[in-house]
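Common to both upcoming complexes is subunit A, partnered first by subunit B, then by subunit C.
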Partner chain A sequence: MENTRRNFLKIAGISALGFGVGSLVSATTQVEHEVAPTQQPAEHNTEKLPEPKPVENVKSESSTQSAVKTAGRWGMAIYTSKLTEPIRKKIISACHVTHNVPHMENKRHEIKWIWEEPYTHAFPENEHEYIDEKTHTQPFLTLCNHCNNPPCVRACPTKATFQRADGIVLMDFHRCIGCRFCMAACPYGSRSFNFRDPRPFISQLNMDFPTRMKGVVEKCNFCAERLEMGKMPACVEVSEGTIVFGDLHDPNSEIRHILKESYTIQRKQNLGTMPSVYYIV
Partner chain B sequence: MNEKILIYGGLFVFCAVVTFPFWYNLGNASVAPEILLSAAAKEAQTCVADKSYMKNQHMQILNIWREDVVRQGTRSFQGMNGKMYTMSLSSGKDSCMGCHTNRSQFCDRCHTYASVNPYCWDCHITPKEIN
Partner chain C sequence: MLETALKGTKKYWLWLMALSGVIGVAFACYIGQLYFGLGITGMSRDVSWGFYIAQFTFLVGVAAGGVMLVIPYYLHDYKKFGKITIIGEFVAVAALCMCLLFIVVDLGQPMRILNVWLHPTPGSVLFWDTLVLNGYLLLNIIVGWKVLEAERNSVAPPHWVKPLIYISIPFAFGIHTVTAYLYCGLPGRGFWLTAILAPRFLASAFAAGPAFVIMLCFLIRKVTRFDAGSEAIQTLSKIVTYALIANVFFFMCEVFVVFYSQIPEHMTHLKYLFAGHDGHGVLVPWMWVSILLMICGIILLVNPKTRRDERILPYTCGIIFVGTWIDKGLGMISGGFVPSPLHYYNEYVPTLQEIMISLGVWAIGFFVLTILLKIAVTVKEEVMVH
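Now for the complex of A and B:
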């Protein structure tokens, strides 16, 4: 058949009609779908997801704790000299039990959320040869600094590590591919990689917090899950007042008063990461 | 004429090979698994959304929840029945596993049948594991 103008116009007309009918059909089915979503057979019910409706008041009403839930930027101040060995042990154990942190015998497989570090390692640029005995020998509690300018967040290729509006540098373990770029980027060694399945190495399982799996990086989360329930972080709770936690953006918060009154140092401040953890020496 | 035999013969062989998985497995279909509800789930009667929706879309809900909890820090969810739930797979009484306490009879049966291997329980703890 030769292509004539007449034939072309015929085909074009029929196609236009076809498209019109098609869109009409889909439009009517959509209307039906919206009118009676529950009466539709299950397999048609695929496009619409119920919107999660977070209700903020519900939590605060039911929770008995009245502690702050939100902050401009969460921060922590540690009274290093008041930290005795039993308190330090208690803090580390509380953190690790709360978050199902495994205890690995092999140092190279170690998972750390909060741990002890000598001054030389924690503050290498402050170290000098005649440093006072006490500072030199005393262990410091180190944890993720929840930097305001976090290098790990920039390094993460999958956005598994991200910074929340309240300053907490958090991890979405679901999304971590275990590339360990964040570990290379973190100047504080605050991140640990699960070389092995951690579950057999957890002595006491906390049912309310997931474990991690092999091939995932993990670190301190500033107890984001506890803050949401109006509780203080686990380490702060058992610290007997040696760790102060609060909103750095609130000039009337306890932590800001402490920072105003005492001389504090930060880890590797010169790197420009702007840590949110302060040490009162 | 020879070409005709070749063409039809070739076509036959081709069709036979392509459809091999279908006729090879003919009549071997396994029975759809029976899902058992835990006592808590029976008592609650309704889930966060209706049954057919949950059957098809629970993974999408979980995905949205995961995003909301981890990224937005919101943990309350209003179910289709108007009740408030904690958005969690495994933490607490009103989480998914708090109600569906029988993972092997509820989750695994269907997942095994459908040959899907979700990695939820690589990290999330099922209630069963304490026993």
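Now for the complex of A and C:
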């Protein structure tokens, strides 16, 4: 934990210094993590930075995915039909354990970052009377869509929820006043509110990620903290290749190849939120 | 002038003590909520706003309603309202105190409330709402106080008050328009996603606010020597008539669009509210009572005989107040959350503790209103004597 935090602070500090050469860096975005450090004035610090792990070294079952730390816009594609029940359970548990998501008995106080929904509820406006059995019965994984045009960010009165340059919609748990405007704004029901202190309901505490306090909103963060270390999101890592994660802006990324080749659907596309999560049915 | 609030009859003090009692109990409940979290309420992951925000919405309307006295008097020089504009302004002050308190009790982290201004976010409607609400509150306090003070001293109010009065008019429309924008700009919430929402809010506000003022006028006539005058009350009741009819008309427009277009996302909410869904329908009787009360209100107001009968009018205003309260204070908010965007019907029912806290906020509002009206009426009585 300490190590991670220190690293994070270092990265943050260096990035702050790096703003001075921001224009230079952004001009070379694609190779930023290789080239940028040598251009930054804080060069002496960079030797302590964890190097992004090369693909071969990442202990990930989905070997095809590259471990880059930055992206123009992060996106996710889910092979819904390949998701077996054990994989889904593994994914949900990996995410919830990684992020200290509590298990609330009371359904009203439920907190979830990634969960299962039947087609009827994941895509309520797409359903029709004679929908094929497979689509109708197979569960979908639902999570924050990290919309490119996020209504929650628009609604938040304190910028406690905000969108990063790489498209990830994040929460600052310390700034959130708990007004829940973002929950009303989210058309995907992806946000949860801590109706009570969540800490007693965390069965397995992960010291590498903060717990939350009562009165704040939370949701999936696309594992921003793992991406920072060059790791894939927790759900992707345990997904046995059923979830593909990558840079939507990079035409050569795996996710772009998949989007080019397969028919994908998105949740409530008509609302103009531009989700970054794609479903291959 | 504040000293006039310190001298009162036994009934006055008893009333204030009763209110304090309610406030005390509610405060204890609120401490409980602060300690445990909003889990003590009936709100849920799906219905993430409940009774508090609904009361807030309704009371913003009551506050905005005060402008229906200000416009005729200050813009149209309708002299009959001169005596009672102060009541409208003080009602607005009390209602706004309640609005702001309802926002505070609804927050998960109330001690962080200043973050709204420490990190101003012009893109957020809630940010603007805090500005217009506080602005309108301040305007009404200054204007009400200064005009009353001038009246007491038998002089004209300072000339700088006039611009503030004119500014307060767009602010009154602003508070309720911005409050409607909180809801109607959200994608995926079919119930609120309608351009008629702000006009509907204003119409119901201009019915509920003045209806409340009429009831107050009758009450003040009964317990003090100050009389608002039958003509002023009659004019006010005509304003209520038009506003109430506009409110029902706007609602009918909504019903037509929703059910003629047959778009499910818009239909489901109205169906849930007025017919229920699969055994879920806690609000169904309430919603029909609301419609019934508003229709009764229209009949009793449109008919000159019943409108002019001062034995009936206060009750007419009462049923209008309750009718519009159910519409906004019960149905409007939870109706927008059921069904959820994922099409689940998780109903909302406030808990006892939640209702107690709400009652406490109402009691604080009535406490403030009592003090302010005591001051206003004492001044009016003084002026009458001289």
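Convention: the second predicted complex is superposed on the first by the 215 of 281 C-alpha atoms of A that agree within 3 Å, B and C clash if a C-alpha of one lies under 4 Å from a C-alpha of the other, contacts with A are read in each partner's own complex, and residues count from 1 in each chain.
As a convention for this text, a contact is a pair of C-beta atoms (placed from the backbone, for glycine too) under 8 Å apart; a residue touches a chain by one contact, two chains touch by 3 or more.
On a predicted model such as this, the values are computed, not experimentally measured, just so you know.
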Once the structures are superposed on A, label A:Arg212 by its partner contacts, choosing first (subunit B), second (subunit C), both or neither.
first
Regarding the shared-chain residue A:Ser192, is it in contact with subunit B (first), subunit C (second), both, or neither?
second
Using the touch definition from the top, say if A:Leu170 reaches subunit B (first), subunit C (second), both or neither.
first
Please name the chain, subunit B or subunit C, that touches the greater number of residues in subunit A.
C
May I ask you to decide whether A:His121 touches subunit B, subunit C, both, or neither, giving the answer as first, second, both or neither?
second
Touch check for A:Ala224: first (subunit B), second (subunit C), both, or neither?
first
Once the shared chain is lined up, is A:Tyr79 touching subunit B (first), subunit C (second), both, or neither of them?
neither
So which positions on subunit A get touched by both subunit B and subunit C?
213
Please output the residues of subunit C touching subunit A within their complex, sorted ascending.
36-39, 41-46, 48-49, 103, 106-110, 112-113, 115-116, 118-119, 121, 123-127, 130, 182-183, 186-189, 264-265, 336-337, 340-344, 346
Which bits of subunit A are touching subunit B when the two form their complex?
38, 41-43, 45-46, 49-50, 52-56, 58-59, 162, 164, 166, 170, 172-174, 205, 207-213, 224, 228
Touching residues on subunit A, where the partner in the complex is subunit C:
106-111, 117, 120-122, 124-125, 142, 151, 154-160, 175-181, 183-189, 192-197, 213-217, 268, 271-273
Touching residues of subunit B toward subunit A in the complex: what are they?
49-50, 52-53, 55-57, 60-61, 64-66, 68, 70-78, 80, 84, 87, 90-92, 119, 122-125, 127, 129-130
